[in-house]
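All remarks here apply to the structure that follows.
In order of appearance the chains are A, B, C, D, E and F, and numbering begins at 1 in each one.
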Amino acid sequence: MTKLIEYEEASDEVRAVYDDIRATRQTDYINNFWKTIANHPTTLQRSWQTLQDIMKSPGELDPLMRELIYIAVSVTNGCEYCIASHTAAARNKGMNDAMFGELLAIVAAANMTNRLANGYQIPVDEQFKT
Amino acid sequence: MTKLIEYEEASDEVRAVYDDIRATRQTDYINNFWKTIANHPTTLQRSWQTLQDIMKSPGELDPLMRELIYIAVSVTNGCEYCIASHTAAARNKGMNDAMFGELLAIVAAANMTNRLANGYQIPVDEQFKT
Amino acid sequence: MTKLIEYEEASDEVRAVYDDIRATRQTDYINNFWKTIANHPTTLQRSWQTLQDIMKSPGELDPLMRELIYIAVSVTNGCEYCIASHTAAARNKGMNDAMFGELLAIVAAANMTNRLANGYQIPVDEQFKT
Amino acid sequence: MTKLIEYEEASDEVRAVYDDIRATRQTDYINNFWKTIANHPTTLQRSWQTLQDIMKSPGELDPLMRELIYIAVSVTNGCEYCIASHTAAARNKGMNDAMFGELLAIVAAANMTNRLANGYQIPVDEQFKT
Amino acid sequence: MTKLIEYEEASDEVRAVYDDIRATRQTDYINNFWKTIANHPTTLQRSWQTLQDIMKSPGELDPLMRELIYIAVSVTNGCEYCIASHTAAARNKGMNDAMFGELLAIVAAANMTNRLANGYQIPVDEQFKT
Amino acid sequence: MTKLIEYEEASDEVRAVYDDIRATRQTDYINNFWKTIANHPTTLQRSWQTLQDIMKSPGELDPLMRELIYIAVSVTNGCEYCIASHTAAARNKGMNDAMFGELLAIVAAANMTNRLANGYQIPVDEQFKT
């Protein structure tokens, strides 16, 4: 396990990101993901900026839908940390038990049909190529 | 490549599913996925029923959102057929270029942070466990 | 694409493996997998020896069953070459259409339940740990 | 972690599946997989029905072989719960230590050659395409 | 397949990235990756910036080593485009056939032992945790 | 969890490998990976021999670089044991915090762009095919 960098011991460049996290989320709590990747400050800066861009910038998809997509990927990859943190985030944005159940049912079925397509080596229909 | 089972040569049990696909989709066209898995009729029946259930049954998530989740999984797994067919389906349900771009940006970023969490072996925060 | 090393141009150490492949399989045909990895002779030697060991050595699992397991992995990983070559090998060892259909149905379902277990973060039962 | 639904607190539709699990397996014990996915009753019903179909319906592959295939997929995906539960199931159906060792050796080797095929971008032989 | 955005038809913000790619690489050629993700300009900008940061910024790892790591990931994921493009990039930076052979042998072996560790559910040694 | 085979109870063929591990590493400590796969002695022998070949044989890549490649694969696959053991090995061979940070940043970015290439189904440039 990599050391968690606490706010008090952080360098100035790390602290600047922590300050932004705290201000954006309106809480002093900084979760372990950020406190760990802070061991490589440029990764911290880039990851935080990337997540702000894709999860918060104006766009077609609403914030909850973005979280559900994030969970779909994390479940497919089996990333325990990401499943836990983004499930919590999705609940904060309004995900209820029924939505979570529907989400996982779709993720599970897609993983199933992905392998049927692989296994039978199904050729892509011409009409799907355009 | 596995043989595609055409409607005319299909057994009665396969034809029953094909009839349901045609009626549901209001088109005679049956895409290669179904024509291939028809080589194992129980897989055809179960897969069609499963997809109807998860993609069409009443629920919290709207049809377009369900397709986006399907694409997120298929892209993560690199399933060419599923990406092509579900991208087409999503466009039919209203996905525009901006939505597709946002979707892939989220999928890409989630795959990135999933590996940061793996690589640093980040412990799950207590507050995410409840 | 990496160059295919033909028998006639192969070095002595590569040719020794090719000779063994031909003798073992009772055919002059050497498939592209071996002709490609021959670009790194120690990989060729080790891979051929490993496959002989796991697929042909005396053991509890019969040769067809071993091929089905190989396909299950290759389908899950989406490896086109490996699916094609091991499906051909399995057919040579007696796999019929029904078996292939059953195999893929199991592979598909396992990929489905794997993600339900991930997504719900299901704790392992005590009785499964012993 | 998602709440485990115990029999006593289950809804009628969940209890019907639990009753079928108990009758089929001749034990009152219901493992955590079912008690968790019971949070989404249609997922519970469909998953139980699917597993009955693919693992128990008459066919070419014997029950133990089906479990080994299930394990091969779960190991490739790194699904801890599924490895634990299906290894236990396979042992109940006769898997001994030697079989398990052979199984994992094949799974490991297939994952190895899958990446050699990917990395060298090996073209599929014409004879494997028919 | 998504439309490729050519320089001549690109918006100003896309063209600015294209100009930077051309200047950095000392060539007018822009490969399909950039011409495709240009359909979502913020993804283009962020991805180009990210790759510049991780592949070109001063650091401990030399440019060739960074490419080999990139290939290792792409081969494990089976991403055909990324394998092709980063293998070409690595060759431009000095990768010879022997290095490529060694790289793939390591990637293959790691994928093998990863599954042995999964399958046997091997507990992490205390000394590896600190 | 599979039983760990201790030196004292090991068969002669397992003990021979353990002796080689101890002599090679100049320590009596044998980590859990080997003590577990010793349950299938041919897997133990082959895996140890393979790792010696790919990690220690003379070649173009230095020992530390080989470890970094090993970690890149293990992180992409999410193999906890392998990440922990090879991170420890890499540190013994000189990996410092900055290198580890750079490594993970590259692994993360490669996983990101792999999915952009998948999702947009980007055609491989002709110049990358030769």
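Everything below uses one rule, namely that contacts are C-beta pairs under 8 Å (C-beta built on N, C-alpha and C of every residue); 3 or more make two chains touch, one makes a residue touch a chain.
Owing to the predicted nature of the structure, the values given are computational and were not obtained by experimental measurement.
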Identify the chains adjacent to both chain C and chain F in the sense defined at the top. A, B, D, E
How would the chain B/chain E interface be labelled, same or different, where same requires over half of its residue numbers to be shared? different
With chain centres set to the mean of the C-alpha atoms, which chain is at the far end from chain A? C
Averaging only over C-alpha atoms, locate the centres of chain A and chain E and give their separation in whole Å. 21
Please compute the C-alpha centroid of chain A, do the same for chain F, then give the distance between them in whole Å. 27
Give me the residue numbers in chain B that touch at least two other chains, ranges are fine. 1, 39, 42-43, 46-47, 50, 53, 76-80, 84, 98, 102-105, 107-109, 111-114, 116, 118, 120-121, 129
For a test of understanding, state which residues of chain C touch chain E in their complex under the given definition. 39-40, 42-43, 46-47, 77-79
Using the touch definition up top, name the residues of chain E that touch chain A in the complex. 1, 42, 46, 50, 53, 57, 129
Can you name the residues of chain C that touch chain A in the complex? 71, 75-76, 78, 80, 83-84, 103-104, 107-109, 111-116, 118-121
In the complex, the residues of chain D that touch chain F are 78, 97-98, 100-102, 104-105, 108
Flag every residue of chain F that touches chain E in the complex, lowest number first. 1-2, 29, 31-33, 36-37, 39, 43, 47, 50-51, 53-55, 59-61, 65-66, 68-70, 72-74, 76-77, 79-82, 84-85, 87-88, 96, 98-99, 102-103, 105-107, 109-114, 116-118, 120-125, 127-129
